[in-house]
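By letter and in written order, the chains are A, B, C and D; residue numbering begins at 1 in each of them.
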Amino acid sequence: MKKYPTIIDNIYAEIKDIKDEGKVANYIPELGCISDENFGISITTIEKQNYGVGDFEKKFSIQSISKILSLTLAYQLEGENLWQRVDVEPSGNPFNSLQQLESDKGIPRNPFINAGAIVVCDVLIGHLKNPKEDFLDFCREIANNYDINYNEKVAESEKRTGFRNVALCNFIKSFGNIKNNVDDVLDFYFHICSLELTCKELTEIFMYLTEDNYTTHKGNSIITESQTKRINAIMLTCGFYDESGEFSFRVGLPGKSGVGGGIVAIHPDKYCIAVWSPKLNEKGNSFKGMLFLENFTTKTASSIF
Amino acid sequence: MKKYPTIIDNIYAEIKDIKDEGKVANYIPELGCISDENFGISITTIEKQNYGVGDFEKKFSIQSISKILSLTLAYQLEGENLWQRVDVEPSGNPFNSLQQLESDKGIPRNPFINAGAIVVCDVLIGHLKNPKEDFLDFCREIANNYDINYNEKVAESEKRTGFRNVALCNFIKSFGNIKNNVDDVLDFYFHICSLELTCKELTEIFMYLTEDNYTTHKGNSIITESQTKRINAIMLTCGFYDESGEFSFRVGLPGKSGVGGGIVAIHPDKYCIAVWSPKLNEKGNSFKGMLFLENFTTKTASSIF
Amino acid sequence: MKKYPTIIDNIYAEIKDIKDEGKVANYIPELGCISDENFGISITTIEKQNYGVGDFEKKFSIQSISKILSLTLAYQLEGENLWQRVDVEPSGNPFNSLQQLESDKGIPRNPFINAGAIVVCDVLIGHLKNPKEDFLDFCREIANNYDINYNEKVAESEKRTGFRNVALCNFIKSFGNIKNNVDDVLDFYFHICSLELTCKELTEIFMYLTEDNYTTHKGNSIITESQTKRINAIMLTCGFYDESGEFSFRVGLPGKSGVGGGIVAIHPDKYCIAVWSPKLNEKGNSFKGMLFLENFTTKTASSIF
Amino acid sequence: MKKYPTIIDNIYAEIKDIKDEGKVANYIPELGCISDENFGISITTIEKQNYGVGDFEKKFSIQSISKILSLTLAYQLEGENLWQRVDVEPSGNPFNSLQQLESDKGIPRNPFINAGAIVVCDVLIGHLKNPKEDFLDFCREIANNYDINYNEKVAESEKRTGFRNVALCNFIKSFGNIKNNVDDVLDFYFHICSLELTCKELTEIFMYLTEDNYTTHKGNSIITESQTKRINAIMLTCGFYDESGEFSFRVGLPGKSGVGGGIVAIHPDKYCIAVWSPKLNEKGNSFKGMLFLENFTTKTASSIF
């Protein structure tokens, strides 16, 4: 841990005031209200030591970062059968594209594009009694943080305007790969996307991906060692839509971004790091977040490669 | 090293006689003559210890595995400017697809699909006096092995039948991203693909990707630490065409396959491993090679994730 | 007229019992119940003479043939502005494809693929007080036939299973090219598709496309001479999905098919002809219908070319 | 004929000086040298009467218009078997696109896109002893005009820069749908494209598409009545690349354009009309040519619909 704070402080100072060419996501109206000045970083090491700087204790909409959590629970409940419903290949296409679904007959390329995450929600509904409550309980337990919650306004905002996601869900259902009612699946999906956490909370909730045999504070194990490695592998190849290769190339860590401007990245056996800055580059990933993490793994020489 | 031989022997014995659903590549006629019984494995650790089993000392056509070598030399000579000519994103498409090139205006998705490797050859021709000789010298020096050579028959065979690659090269030239004569570029490309090495030689030639500051036996450094990590990163996201995600998911190592049936994989700071079995699965990757490596990283718990 | 009955009888006799390689559409469950033995032909000449054979007076679900009627009314109400919402190009893709919509930013290629017909429904809703009633009145007046009606069971059946169309409509709305509520647009669309007419009624309702200045029995003109020609032109280039070129090539008349097994074709200034046979070829067009019409225009030498 | 001269003169005067938003094709360097001021129109009626205005007696490069002539000769020699090598469907894509060829396994969508015309050349080489001479003889006989010739400079210019066409030809060969040597096929193709005719000559050479049983001045028939109709049908659905629907919609005649700025259109049983103006719209069709013909069929009420 020792070296991280100084390095983080230095990069934070360097990047804080650079001209950010990105744009705040506005397709979910409620997200458009966030100040683009926000900038926070948090790291938690495998020894449970934490360091943060800037707005690292402000809640924000983690959006697609939550796809890691829903995937984890579905993998726990469904096991390897899950991969009959969703593949593990990078898509080479934007996050909400319908093109590949057509040639792939309704099997989404991976669980981190919207199509795949919607199928994962459908899988979860098949297992959970009260999907929204049960999923929240799952998140709270692994984070040991009972303060985590959905933002109903954001969920509502996305439901009102999310025609592309409604299209995706119905399209997949036309191929038979959605088993439940479309409205139920999407309501669940929009809620999961609306989860709010701080950078610090993000690094805590994802500690289970840094350790091989993580158990929650209640003593429950979450997923197997092999499953943990596999989720990290999918994050590396698919975590940043059609910029996944670029993130792997420049940063060299498994990670996941959200249109709220958050990015979380994992160094297995070492640490979890989270950055938040709302302005997105043209691929939909946080402009400053990418830049910060590239500098961080370079200066700490801690890419996995 | 100690644990590897037993594990390798065990998996070799298990897999050797299973029914292999793959098929030997026949689109390059000369490759169709290879016996599909061949099966060899070799590992070389960072401490320079080597172990092999089966046909690990037979030469075979490494085909696309050579794309790592041409990329390395081009990266050394051209530096980061290289990425203006070729991207680092997984393609989500088969290895010889022309579709994406059209929407991407002649910039190949990555240096490991044919289109990208052809552009890399064009870059090399711009730097080298005698491209074929100079490239061979480069390979021989990093391997400290002056026995490495092209197979002219295979190069010739591919030239006679490689209409798809001629199409790719002319298509890219129509976008201005090939600077030299098409025939020269393809002659060089087909020769590079025809390189012949044994599994053992493969693990030796790629040791420079396992160490941060590798120098050749002549004392020359090859590429920087950062460049080494980046080549590993591209191998992980793009090394297996549209099965790259699957390899990352099941094996968890940077790697690269060739239609000759070879696969090479790197564990940074630990080892380089090579497998050869000519029958390919439907995505064009060695069926037994994939299976062997999945078992190997599982049993040695040595994925990078 | 004189020559047509004999020619029709002869072709009918020839084709009636041939082995029909087609299949009855089953993706709308209600349509799957129709006997595939049905086979009827009707012709009405510009002099208002009619001749029919086989099941030409049985009602059937005209499905996509109704897209001509909704286009006609939208063209009447919206004029040339209509073409800002939908294009007039053949799509080169299956009837319910979403691929092109993505690159075309929500502007459907033409009004005869599902996407285009859904946009036409949206346009109509913007003009009509009671869309379903008003559209029915329009059809009844031009046919001078107050017996024409929707089949509620078929409309209901399609609504329950039409996920692909729900996807299309939401997808287009995500680009801003659907102005009204998605459920309202689709309810209207499914009703229009469920219209039931006989072959004879079809030839009567489309007489307005054979004459330059048609007026209804109430003395109302429908569309201008230029608009009439343009609808015929779109039928010729786009009336048979990705088999439009084939129909133009083999039959040589403007026409439109429906998955209920009906085909209607127009010879400007001469006649309107309708065929019904429920088994469809793999492109979704009536197998015997295509065959009949090819024979008919060959034997009467009455293609427009 | 009587009414045509005045109508032509009037439209010519109206359009001559309007601001032309098009651009002269410059991808074939030799074509870039043509003055964009050129504007000519010629009509020849089925009674063999001719009228012309402007630059209607200047030779120009007819480019893709020659695809009608090569198709005609191939259809004559190969009969209906021709359609096993090339389809008759509109492509919905730009003229030199490779995308569809990949999913269609090397069968071009129609003989009027480059891919299709290249396959037609390959078919012709299989039938002709001296392809270039024999094809020229064919053209001269049907036009009864021994002054028609290739422009070697234009053919040469296209050969030097036509990488996209080289790509297309090799790509099709990789699917087995080119039987002859690629260089021979392309040399023939580039020569055919380089044919030079005046507007007047164009209307004369295509008279065989206006009459059902045309015979040349030597008394030879060219193609059957049914084949004539079918070529007209393909011109209507496919003659203007991805603007074919628009031409059918606005003009309503079978026609074909070339990047030299020429357009020829046929009214079966009535006339053949040719327009030349080098500036092209963004789809690659003559801007003023399209405008002229739209006005002409409107004012003469002579669309085929």
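Everything that follows uses one rule, which is that a contact is a pair of C-beta atoms (placed from the backbone, for glycine too) under 8 Å apart; a residue touches a chain by one contact, two chains touch by 3 or more.
Quick caveat, the model's predicted, so the values are computed rather than measured.
S.K.: Which one of the chains is farthest from subunit A, going by Cα centres?
M.R.: D
S.K.: Once the Cα atoms of subunit A and subunit B are superposed, what angle does the rotation have, between 0 and 180 degrees and to the nearest 5?
M.R.: Angle of rotation between the two copies: 180 degrees.
S.K.: When the C-alpha atoms of subunit A and subunit B are each averaged to a single point, how far apart are the two points in Å?
M.R.: 32
S.K.: On a C-alpha centroid basis, what's the spacing between subunit B and subunit D, in Å?
M.R.: 47
S.K.: Once you find the CA centre of subunit A and the CA centre of subunit D, what distance in Å lies between them?
M.R.: 55
S.K.: Subunit D: which residues touch two or more other chains?
M.R.: Where subunit D is concerned, no single residue meets two or more other chains.
S.K.: By the document's touch rule, what are all the touching chain pairs in this structure?
M.R.: Per the contact definition above, the touching pairs are A-B, A-C, B-D, C-D.
S.K.: What part of subunit C is in contact with subunit A in the complex they form?
M.R.: Residue positions touching the partner: 97-99, 102, 163-164, 166-171, 173-174, 182.
S.K.: Subunit A touches which residues of subunit B in the complex?
M.R.: 87-93, 100, 109-110, 225-226, 228-230, 232-234, 236-238, 242-246, 248-249, 252, 254, 268, 298, 301, 303-305
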